[in-house]
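These are the structures, in structure tokens.
Below are two complexes that have chain A in common, paired first with chain B and then with chain C.
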Partner chain A sequence: MSDQKFVNLTIEGRQVSVPEGTTILEAAKTAGVLIPHYCYHSGLKIAGVCRMCLVEVEKQPKLAPSCATTVAEGQVVNVYTQKALDARKGVLELLLINHPLDCPICDQAGECELQDYTFQEGRADSRYREPKRFNPAEDFGGDVLYVTNRCILCTRCVRYMGDVAGDRALCVEERGDRAHIGIAPDHDLSHPWAANVVDLCPVGALVSKDFLNKARAWELDRTASVCPNCSQGCNITLETRDEAVVRMKPRSNDAVNHFYLCDEGRLNYQWINRDDRLETPMVTGKPASWDAALAAAGAALKGGSAHVVAGASLSNEALWLLKQAAGVGKFRVAKGGEAPLPGVKDLALRADRAANATGAELMGFSRADNPLATAGKIVLIAGDDCTDLDTSALAGASTVIAICTVIPKGLPANSILLPIANFAEEEGTFTNLRGRVQRFLQARPAQGLARPSWMALAGLAAAAGKNGAFLSAEAVFIAMAKTESAFNGMSYDSVGLKGQMAAGAGVTA
Partner chain B sequence: MGYPYKSHPRETPILSKYFGDPEARTLEGWQARGGYRALPQALDTDPVAIQNIVKESGLRGRGGAGFPCGLKWSFMKIGDGKPHYLCCNADESEPGTFKDREIMRWTPHALIEGCAIAAHAIGAETCYIYIRGEFTEPIAIMEQALAEARAAGMIGANACGSGKTINMWVHRGAGAYICGEETALMNSIEGRRGNPRIKPPFPAVSGVFGMPTTVNNVETLTAVPHILNNGAEWYKAMCLGNPKSTGSKLFSVCGNVARPGNYEVVMGFSFKEFLYDLCGGPPPGRKFKAIIPGGSSVPVITIEEAEQVKMDYEGFMEFGTMLGSGGVIIFDDAQSMPKQLARLARFYAHESCAQCTQCREGTAWMTKILERIVAGHGTFEDLDTIFELTENMTGKTICVLSDSCGAPVTSGITRFRGEFEALITGRRSSTVAVG
Partner chain C sequence: MAITTRVVERPVNEASYVRATFQGLALTFKHLVDPHKVTVQYPEEKWDIGPRWRGTHRMLTTEDGKAKCVACGLCPTVCPANCIKLVPGVDAEGNRYPAVFDIDEFRCIFCGYCQEVCPEEAIHLGRHYENAEYDRKDFVYDLTRLTSQTHAVCEMWDPADPRGE
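The block that comes next holds the complex of A and B.
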């Protein structure tokens, strides 16, 4: 904060003070004014080409592109003067003359900036009487389809691929109104972070093949969440329709993922909706009530110390309750290749393909390649991370308790199964690889009789004679923050939707 | 008038004196004709002193904008520790302009000397001569002249024995009108797509490779050795009344005229005498109708207006047009203005770099409207749309290509509305200028 100079200016009659070098567009945001724009994106280099953000600056004869004009002391900026409105209306008319106006079949409809700004400031009609330009759509590879006719050539995608993803796959081809986004020879958008161009595209020109024609934007419910697919902990919005997750979108968080989400993360969501779920508690192969199942499990846990196998995808709350019920144990993390995004510091698809390995470690659980190998008489498995392990070690166990969303293969017939919700169906927190504790919220209801993992494990703790009197995930978090030093002083309020660093975790991410 | 004809006695051949003289192309021949006298002296002179002489001479940019040359040079901070660059703009892409081509064809060493002096004056050790790719002959001649100058030590590591380094390279354009715009030219030199850059930062702060850069037109740079040889006062004296426009200017005359070609006259020359005396008037049996006096980007004026013009920067502005690059395009009474302007608009639509919305979509839309009017399917509303569209396209984009498309078209409609209306109403095209 030290010696940064601040500049005072007036935007739409409001006094603002912003750091020197800020653009008018960013300064206007602090005054509560969103200047319409297309090519500008705060994560990308400034292009200044769409000319949509023109505003009137007093004492300047020409309208200024607010994305490319830095603030000056005493400047008076007017966003809604007739001159500025006319200029932006003109840009909108020109952007639409060759636009197919195929909103009814366009995936972007409802979340399209061309629609929004046209509704806000554009003309009701067009004076264009000529035939519209037509270009065929093109498959750009990866998850991206380019619908040329809808493109407004803002070049966000070109700049993202070149400057952020470090793969100059895209360019502007041709000149004049024949121009379109082109793909370099022998390139496609198979870069592990390429699908972000779909989010960056302000219109429906770059669309997701996975989401193509699946749902209308206004039918979706949106829930703040955290991507469960690796330990980076990218902030996401889970988008659901009819209680099924249909799309995962990045949610901006400058401390973690900026505006981005990798392709593997965003496309790996179908498992959330799977319907072969464990929907009812089971005792020795037969459905049982929760009370009966918990009583059986509690009795078993009272009979001796259990071998605990934790899931690295369980929430901090569930892991802490697991520790309360049966002590710490081992966990296994699925591994995959790393894929960094070169333009953003400390952002990558991480090798740990689980959301909460760090949380488990902070809680005292330890990593093991085969956590079942040393199983004893009483085995407690929580989470779904062990379903593909060799279960022969369980043959000698007297009691196996599995707390999971699907029935693991190879369990002994007399196992006690407790159904839990997956991360999209409950509330909780994950701790990412840098120690950032982040909340995720419930996006869809749990299936059958499945309970949120914290509730199931609180019940188990109570049945085992420990403290299990918690009425919400938040109550668990508060209790955990009191006893676990890494989480000292934290609450759901302090974590918020941007996360908070766990104590002792030095590196920011 | 230059090659292949003799100069008209009323011309002031300074830059064009040796047009048509093949011996002037060689280093030896050029030295025999007074070349390379200014350079060794200049290299021993303080750069700021040279800037001041050029400032004092009143030399203004000949590429179109008419910015004072010495002032432009003074924006370069000498000794700021950064490499400076000089770019010579030899793209000459403005339709109707062909003066730089002749300078490079006949007097390549004049340009080299001018570039070397300018490079020294702005503290640059590297100069790029950006030549339009279609200029195959001038490129070959320039390359050869550069090789000669390098071999003779005029430029290079120890230019003229001064101990100063002035490297000079020819860079070929790849055929884009917009690369004549200085920031697009710099992008093109860097190997990028020739798109204009946002200003600020201006080239003097961040130009080629992000370093301070000055871009000057061929004709501007070629005038510099003459100014140093003869003094600022001599150059300043070459003006007929208006002290803001000094020196001689090459005008490229084309279109419906008896003697097209390059003419060099003193600033402030009567346009009427220029057209009827020097250029020989209209072709036999015809009358002049309209003139675009400064390359295709400037507003078109009627012959009645043109006859009152004094040929300098302010003189053309008085009639709502510009001196521009000095590309005089003449239309006689047999030409259909709507057709000619549609053709011009088509050029701009083709050459728009596609960055700014107004230009990318607007130039193409304007072309379509004009071509529809020419085809006989226009409406009166179309004319209004063109004016509103031009308003939309003017002063709102990164560069002025979009403005340049609107200027000749709207000025043409204003001055020759009758012809447009005749096409719209279906009457025979009237070629009589109105208003």
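The block that comes next holds the complex of A and C.
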């Protein structure tokens, strides 16, 4: 890398220096200029089919497609000259000839690049007077619906399926104005990573069936988060409307998931909005105040060592406080099939369907198929809802404390229940299977009297006579970074929104 | 300085209230018998309101009686008073339609932005001013009420000169 040559050029009057072989479009981004483009996507191979990124390069007679032209020493690139603007305006006019005027019912409206660039550079009206071509919409299988009329044939989806997903399911069928995206015989988009074509599509041609007609793009609140559905820890944006999560979108992070998110991850969000939640602390079957419930739980923990069952989807902060309050224990991890994305190194839907199994292991918790098997007199269950678990061992326990989002099944009637927020309702960090510590932020309010898991467990630690004086998740993280060697020297600032590798985790597994 | 009082000689025949009273009564009796009426005889007679009058809403319908609205969400977005509640749905033919469309006429400030922004020319303000109800909750107009009303609608601009030139 050190012998990489840099090229100096001028873009829109700004001097930039970029590595040799960079395209003009990427170089312009470093100069703060976004050249309009459709077919180009930094995660895909260059096609140069849309002609939207034409720019004027001085001393070149013809306009250059900036996505497919590499930079040269001393080049002077002008993006907004009249010649370039006229060319792009012409491209937009041709794209809009057969594009239906159905923005009011199109899911992409508000986040549509055709809308944006037409608004910026396109004509105000059309000169085309003939009837528009019409093709019916087609169900591509999986979560994808293809609305043929809206397609601008940028072929991002074709290249993604062929080059990245490794399943040549899509192609361009027919020619000229009859061209459309076709699906190969006996294929559909049920590939585990196929729904990424919905994100890649710059217009509303490929839309998510799950999200269809649910909300408008501009009504959504967006929160940076981490996908909780497997141990890969893909970076996501949680999009909420009226305090309910309505979809999950990938957030680009070249160290984890690039631009992608698997179908199983992105569609498994309904549980975040479930309304059968535990909303108030309970002591022996009756609602109690937080103070009373924490006092009862703390008194029980002081009475002897507790058998701890942790949830593998608790945040690092909550697991560390659990360790402070009652010591380490066991956790179980739901399993599922593994589905790699061939075009991206080290990216897969992982077999461990839990967000923070690695974090729990780094903290000293151990895996068990049935973490309740060796339960003693005092049992502390945190973040595990006991679904499909043999809870017969609980019958012999004198005290069961459950810190949970929903009431676990098979608990004795005299249990102490403390409601906590789920990951979308609190702040914290997860550690993915490669040991990357990543932050997630709060996207919706906690339900009822539920507290963030770090706050509930800090209260429990204090009630058990340990240090529980923490006022924020960040304060817990700072204390954890001091005592846990894996997290030494880390802070929310250093983790940022792209994550940071935990010490010693390295590249095991 | 001593306080002094100055007595003003008033012209009795000009300043007397008696004459003014009878003059006023004369005017009253004149109008009592005069057949020419100046005020509008509401409610038998109604004032002709202007074409740009902005009153309570109406939702226009297609020929088959369905609301023209496609639930695009522009009116709740543009509404400065936040008085429109819209939940989109999909009907049996796969068309987008408003599953819920409520307008709180108490919150509405009658700016007319919803009518101006509507791409389907569905929601309109009405040329209408008789809005009395027996119950406060009846001022939240639902889709049934919005589509069943028949009063004239506001003309935001002159159809012959839409750009105001």
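Going forward, the second predicted complex is superposed on the first by the 505 of 509 C-alpha atoms of A that agree within 3 Å, B and C clash if a C-alpha of one lies under 4 Å from a C-alpha of the other, contacts with A are read in each partner's own complex, and residues count from 1 in each chain.
Everything that follows uses one rule, which is that a residue touches a chain if its C-beta (ideal position, glycine included) is under 8 Å from a C-beta of that chain, and two chains touch if they have at least 3 such contacts.
Since we're looking at a predicted model, the values are computed, not measured.
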Do chain B and chain C fit side by side on chain A in the superposed arrangement, or is it a clash? fit
Check the residue A:Ile46 against both partner chains and state whether it touches chain B (first), chain C (second), both, or neither. first
Could you look at A:Glu130 and tell me whether it touches chain B, chain C, both or neither (first, second, both, neither)? first
Mind computing the angle chain B to chain A to chain C from the CA centres, in steps of 10 degrees? 90
Look at A:Asn213 in the shared chain and tell me whether it touches chain B only, chain C only, both, or neither; answer first, second, both or neither. second
First (chain B), second (chain C), both or neither: which does A:Leu54 touch? first
Once chain A of both complexes is superposed, is A:Gly410 in touch with chain B (first), chain C (second), both, or neither? neither
Chain A residues touched - chain C or chain B, whichever exceeds: B
Tell me which partner A:Leu94 touches in the superposition: chain B (first), chain C (second), both or neither. first
Now for A:Ala109: first (chain B), second (chain C), both, or neither, which partner does it touch? second
For the superposed model, what is the least distance in angstrom between any CA atom of chain B and any CA atom of chain C? 23
Per the contact definition, I'd like the list of chain A residues that touch chain B in the complex. 46-52, 54, 61-63, 65, 68, 86-87, 90-91, 93-95, 97-98, 127-130, 152-153, 171-172, 174-179
Chain A to chain C touching residues, read off their complex: 103-105, 109, 212-216, 218-219
In the complex, chain B touches chain A at residues 176, 193, 198, 349-358, 360-365, 368-369, 372, 381-382, 385, 388, 391-392, 395-398
List the residues on chain C that touch chain A in their complex, please. 70-74, 77, 88-90, 95-96, 119-120
